[in-house]
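Shared between the two complexes below is chain A, which pairs with chain B and chain C, respectively.
So, the complex of A and B:
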């Protein structure tokens, strides 16, 4: 099994397209960091506009590595799923397209095991991509901008989290983001198992993510009440929940999370979706006629 | 004889305090404040505003006469309310400019002398200041300042070790807050698909900042660069 996993990983990492995602992420994060380095003040004015009527805005102090990471994650975690689809959507359909799938299935390995190994290999790629995001978005931002308290702007209020209370939240947020991205991996993987060439599942995954993300963020009451609670993209935002804190008389409670059960619920829904996608892929693939 | 004299003084003391004119009392208050040309104070600051959650901050407050004041967070950053330079009592006299004094007499419940300051300048931002002055210590215990542009703010002051300089150990600064407005699309909140409570923010439009001072360094000189 380990040998098969090694082979699948070799296949993934020997393709140039695998590194497109790493390059795109590197470019986006650098661009954001450069922009914030040179015009961070204007951006801070925007995100602190909710409080600037009442308070003096400490833009320079508030712009630090932790905030830069939060901004990057807000931008990136919508787009990383699209990059995940590039590999996960190709992992089965790509072989069907190249005509190597039938050859692969002549090996004494069950289809279920083969598919699970392919999913595991795709998941490893996804996790490595997320680790790369963490290294650049958090590690590099902290090196470039230093650390301080974290300012989190929300629609109804703003949270300031003490510097000493921030880092664990990032670890938790990245862990949650991993669950979200693995759900997308599972979706692209399932579509890949249905298809005979990799373009279809990649484009289909990207389209699903775009449509669901629009529905999640549109804030139209009809969709908010009917569709939104069931979209996995709604629950993928759960990583932000680790940065929503409780307060007593306006004072943040260190180590607190405003609604932890809601985050757990979102996490379980995502895991449920991921399991459903993988099981559906296996169910379909087991009875699929492999003609190429 | 000695006992009788003391008893007489004690009985007469409220009358003596009342006899002291409001102008005289204000002059004593200002004399205390004028002993201070600058200070650097350390303390803890707590912010209580409906739309902000913030940790208790360790702050250093720098003041230099006549009206320079800066609050620095030692371990991170804090949202400092606009107009917070008014946490310095001396600023009330300064911002009122020349003023007429209206003596409202002693407040029965607290024993504090209530004095209203009416600025003579029609263009002054301050419309009215109401001071509750401790006549024994000659310090302002409470102040309410109404301005044209920035609403009304209130100060509550508790004194301890630095009362000789008219510097408070604890200051509670209450102020009017403006609406919390964020342009649409700047943030996308996570709500787990739950229906949002549109009226989540309480109707209370007052904000409150509380600073508990632990120490003052008085008249040691502070460079102007601190206030830039």
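So, the complex of A and C:
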């Protein structure tokens, strides 16, 4: 099993296209960091304009590595799924398109095992991509901007999280983001198992994410109860929950989470979706006639 | 001789079309078994069913006396194949491709062993070149190396000579015969190159529109009791008219340019020759045709 996984990873990381996502993420994060480095003060004035009377946080102190990471994650975690689809959507359909799938399936490896290995390899790629995001967005931002309390702006109110209470929240948030991205990986992987070339599953995954994200962000009451609870994109935003803290008498409680059960619920829903996508892919692929 | 492949009443439908129709055949061990048929005859569909890439609509396949559906995993450990064209990972080198498919077969070959495999197919010098830089013939040879890398007992080759130059064809021909006759492998090979099949195959199966139309050893198929006789004459139109008035018209096949053709028992060839001369037909030469091409064309023309 481990040998076959090594082979899959070798194939994934031997292709130049695999590194496109890493390059794109690097570019976006650098651009955000450069922008905040040179005009961070104006940006902070803008986002804190509505809360200046409530919070006494100097803009120069609020703009620190933790906040930069939070800004980057808000921007990126909607778009990383698109990059994930580049590899996960290609992992089965790309082999069908190249003609290597039929050769692989003449080998003494069951289709279920082959598919599980491919999913595992795609998942490792996704996790590595997320680690890369973490290294650049959190690690590099902390190096460039230093650390201080984290100011989190929300729709109704805002939180200030003590510097000492931030880091574990990022670890938890990245862990949750991993579950979300693995759900997208599973979706692209499932579509890949259905297809004969990789364009279809990649484009289909991207389209699904765009449509679902638009629906998730629409502030229309009708969708709030009928559609949004069932969209995996809604639950992918659950990572933000780790930065929503409880307050007692106007003071945030260190180590607290406003609604932990909601985060767990979202996580379980995402895991359920991922399992459903993988099982569907295996069910279909086991009986698929290989005509490519 | 024991059988390596036993196929019984195999059929495969694609919607309204029956691609393979009640096909039964047996492939003996240690032989080169030629699989012939026109384009669209059902060869590739049959091969894909032998490799469990396509599920049969009906019928049963046994390989090494094991049911393919129930023992696929065990069977495939001893099967190597090229299907249609040797599509490999173009972004990897020949050596990397070979290492991947060796591992997928459950083996762990050393680099030296893999390089030896490449040497067998004449690719040792290009072992570290990416496959995307290979010619079609080189890819074909690498495909054969991939099929053989885990030393299988049954080798299924679908059009292995496609894209090869004359030297390459001769090399593959030699390799196939060597594998079967010197190393005891069973080689199931489909090809449209009839003269090549005639040179290498010990037994043959000919299919048309998904149905078996002939099966047997080369000797049985190419030396039947009947033969196609070609009579080269100086005046074909007059000769054709004369033949049509004679009792030999029942044996006549459509005439070729400057030639009459008959299909009849071999024993009657002297009698035919005598009567044609008596009819005043000038005969320049007369020859029985036994080639695989003749057999194939006569069988698939109906």
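What we mean here is this: the second predicted complex is superposed on the first by the 287 of 292 C-alpha atoms of A that agree within 3 Å, B and C clash if a C-alpha of one lies under 4 Å from a C-alpha of the other, contacts with A are read in each partner's own complex, and residues count from 1 in each chain.
Everything that follows uses one rule, which is that a contact is a pair of C-beta atoms (placed from the backbone, for glycine too) under 8 Å apart; a residue touches a chain by one contact, two chains touch by 3 or more.
None of these values were measured; they are calculated from a predicted model.
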Which of chain B and chain C A:224 touches, first, second, both or neither: first
Partner with the higher number of touched chain A residues, chain C or chain B: B
Which superposed partner A:155 touches (first chain B, second chain C, both, neither): first
Which superposed partner A:102 touches (first chain B, second chain C, both, neither): second
Residue numbers on chain C that touch chain A, as the complex places them: 48, 51-55, 72-74, 76-77, 79, 81, 83-85, 87-92, 96, 100-101, 103-106, 108, 146
Residues of chain A defined as touching chain C within the complex: 3-4, 7, 10-11, 14-16, 98-100, 102-110, 287, 289-291
Chain A contact footprint on chain B (complex, rising order): 46-56, 73, 75-82, 84, 175, 177-183, 186-196, 200-201, 207-208
In the complex with chain B, residue positions of chain A that touch it: 46-47, 49-51, 53-58, 61-62, 74, 148-149, 151, 153-163, 165, 216-217, 224-225, 228-231, 234-235, 237-241, 244-247, 249-252, 254, 259, 262-263, 265-266
